[in-house]
């Protein structure tokens, strides 16, 4: 085991996959000489050269399209959005071609591309740098969407994403890059996409969450356990496709569900999860599934307002009590 | 860097080459005319954009390409696919929505693909294929092959950001890509001069320090001459070229377009430039072929296109229960 | 009353608003000389000139941004997406500025812009021309989203959208432009945003739908009524904000809900509606809210497959029976 | 159309003008230095991009603008706002996240706005403000005013599609807009020459047939000269201008940037071009001001910036229960 930061875990994953497969390459703004805005590709260009770690101009739409063309013809590009929000500019390439081209080509072409970078609400970065694209892209057919909460998951899921033959959107969280964790080293950690992770076994409520909110839930868990609550805490990890098996198994056990998400409540992923739980496990529910999500507002700059925008541990504790008691 | 093309040498093509150019252009023309018939007969639906009038561009480029070179296009992609040797049967069957189509009936007119022929697709969004073609060129360079990537698009696409972003990157990294602008003077109902502040598109190459050429897109030999230069440059790893071909579409934007805005005199003027009769005159004058021989080729092509229709008619539709197939790479 | 096509109703709305307010103008590809891809702006440039009916180059990202700047400085631009799908290229301008700029500017600027054009699945137009952006944009804070199903609603809602000081996404349906309807003429038809429309009173099930699916539901209704079913059929008309009042009133009456939507099931608007109904009316429900939506696939070109992709009247009839019986 | 600027006439500015330029540049410099202090003291958060070194550009343009002219910027927007006369108090308070800030504490460093001053905003996405500024120019033309719209952005933004799309439209419709490129040679860690295939940005005006100028962005008088020409042209309704100002930022990209990639020699070279000492020499040599007078101005500005900090410190935060306010136009 070795202690690694989240950003190091990402870098290790990219490094190991580039060593394993010469077709794996990275492109994006400042991924080369600068090492990536959060150092996830630090010094990789020194080892692999400027073509495999390609510094691009500020042209998200076209470098995403370039990645599509490269992926169709044998490469496995990893594109970094310096902030995932900027990929709004590449929405058409990611949706039309990353998501749909394999289908429209009748299965002739695959687009094995990973689109990764920082998402989520940071520390007063302002509205444009605090978007939650996982919700905007959620409906696009053909895409897989991942959002790791820990260094170990970051490494294992990124390696799986790089090896996946579909286009995978990989949402890191801007406030998790400096999170530390013990990671098994000199060993090939690959965590399959589509599998959630049970963080705490309990039977009085199911908590479904992902990315940074996992840590808010873990914080809330301490208090809740001290007060005798036993939540079944699940880190979804892969947002699309969802691990309905683990979710169902938990719901059948707890009959109560709380979703904790950092994306906007309206149009967020939580709504989809509620609908799926109703569809498959409605009779198991003792209460409506509750969504604890960000407020439906552009993220304000002011610190207190920003904090009030996203779910906090206290909100989670309160929500759990309101559902269980 | 905006350059003059070398003057034509007396005899540019031999008989075999000349006949190949003729065959490819007539195949394109005949195929598209048949599409119009089939569309009006209700055999194909959606937006169908025909290529009539622009054949010299597709033929002039693609007849010089290798099988492993890449071609990508727009929604006006039937003939680009044919010139890259995608069989008429596979293209017609796709337009009929049949499982034997080149996209297995899932894509349709604007989404033709053929991995086997390195035809990277029709792209239904304007300028969408430009970065993709640039990426294929990047891939060739990355893998150390000498493959060339050719991308066809229209004048309207040159006002879109992706055009400029891509040319810049291709120039920065010396990518083996050829940007072929088919300047047919119109974007649906928008005249080129109303959409572009500088109407000479080849001059935009200056902004990226790459070679830009303007050629008569109604003269297959002129296109071929420029294509040779650009392809050789790309093959040698010297970088991209912007090639503007002045051309015209003989039909409306799509078969749904009333085409009321283009001046009849303008249409008439361009009809006189029809690239096929022009090549015929060249072949006859230079005794590379006789009228009789060309007639034989015409008949052969007519039969081939009719065969494509029969094939499409007789082919089965994709089974509806396979509707989820191909969404993910997992499903074969 | 006068009989009008859906596209004429749209044109009348734009015409009347341009006459009423000199700051109202139209921009987009082929909106001028060509009259709009579906004739919604036919000949308007002749009356209002080329500046007020502005033909733009094919540059969605920038003409949307131009509309933002124009709207911030006094104009009321209506931008036409020749197909709404193309506005994926303008996602950042629409989300960042149409949706969020008023908030980030502390309320100093408003962006009264209407983004309209054809959406939905047409007749074998292929995947890229058959997208459902109402779902992709749904989460963006600050936006309003409208989707009229009839000529009367098209006219009344478009006039309201043009007068609204927020950015409004206005989804017409590519297969409805030639729909005919009686419209009260020489009269100012303005239908407020946010109000749904009850199309049939009934008490055994609530059907929530919008846009072209309204007509599939009306078709199904004939059969259902003949067989003695009495659905409460609601055309949502405005997708954001939703008319929770009318929805709630209906749910309290029927205790059963079917959502019929043309957008993708996964990540569609239906999921949000299910979650809201659970949140506010869970105890009223006798059965889980059911979603009838498009399959999670890029729209295939083949006609039979395309038809199988979206909900059909027969599916609706079957769904109603499965819920009511 | 890429033109040479007229040679400087002997005395370009009178005492009043000279002192105004001096005041505006020193205010920008002093304000930004204070921001750095406050950031390190934990008074402001997020990404804070300072303008040190580039003052001649903002000052050279905006001191020639009218109150009703429009200015828009990027995330590096503090000084552009100040030059457009947004009070230091309002800008500092915004950076502190206070309700007295120019965006009421909702926007922050990258989202400064002031309707009162026609400051159309900081835009946090690269090149995002270019179409918006173009739209404001369109609006001025539409409303028949002679307002001018000035947009500041960096060299990196000129590789983005929005730059090209916007220049084309501004040229087509002769919009009163001035595109001011602050070419500081770097986009974060990306050297301009690695990002742009043609490094002379002003030459890209050729692709749209509009005037393009390149000026010494470290010389406020040179910038002012070009600005005058461009503003008058726009004011007369003759259309857009592309103005490339060669400049340099004296600090890292943002206060979070380690700034390890730029060669110390390069930094040293540019430090010597500091536009403020350059203007001081000019004012003294031409006896437009004395050292003492300038010192008085420095003190005045220092006090004004400290006052802005006190104001920001003492101002209340926006009430959290107003968190939904301003999402929709309905809420005042």
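Labels A, B, C and D are assigned to the chains in the order they are written; within every chain, residues are numbered from 1.
Note that a residue touches a chain if its C-beta (ideal position, glycine included) is under 8 Å from a C-beta of that chain, and two chains touch if they have at least 3 such contacts.
Nothing here was measured: the structure is a model prediction, and the numbers come from that model.
What chain lies farthest away from chain A once each centre is taken as the mean of the Cα atoms?
Result for the farthest chain: B.
For the interfaces B-C and A-B, which has the higher count of C-beta pairs in contact?
Result of the comparison of B-C and A-B: A-B.
Roughly how many whole angstrom separate the Cα centroids of chain B and chain C?
Their C-alpha centroids are separated by 37 Å.
What is the distance, in whole Å, between the centres of chain A and chain C, each centre taken as the mean of its C-alpha atoms?
About 30 Å, centre to centre.
CA centre of chain A versus CA centre of chain B: separation in Å?
Chain A and chain B have C-alpha centres separated by 41 Å.
From the C-alpha centre of chain B to that of chain D, how far is it in Å?
Here the centre of chain D sits 46 Å away from the centre of chain B.
On chain C, where are the residues touching two or more other chains?
Each of 57, 59, 61-62, 86, 89, 92, 96, 103-104, 126-128, 141-142, 296-298, 300-301 in chain C touches at least two other chains.
Return the residues of chain B touching two or more other chains; collapse runs of consecutive numbers into ranges.
103, 105-107, 111, 123-125, 159-162, 165, 168, 172, 194-196, 327
Which residues of chain C touch chain A once you look at their complex with the stated criterion?
61, 86, 88-89, 91-92, 95-96, 99-100, 103-104, 126-128, 131-132, 135-142, 240, 263-264, 266-276, 278-279, 282, 287-291, 296-298, 300-301
Help me check something: in the complex, which residues belonging to chain B touch chain D?
Residues 159-165, 167-168, 171-172, 194-198, 203-204, 206-210.
Would you tell me which residues of chain C are touching chain B in their complex?
So the residues of chain C in touch with chain B come to 29-30, 33-34, 37, 55, 57-59, 61-62, 85-86, 89, 122-129, 295-298, 300-305, 308-309.
Report the residues of chain A in contact with chain B in the complex, numbered from low to high.
Chain A residues touching chain B: 25, 51-52, 54, 56-57, 59, 61-75, 92-93, 96-97, 101-110, 112, 141-142, 164-166.
What residues of chain D sit close enough to touch chain C in their complex?
Residue list for chain D touching chain C: 70, 72, 101-107, 111, 113-115, 120-121, 123-125, 128, 130-143, 149, 161-162, 165-166, 168-169, 172-173, 325-332.
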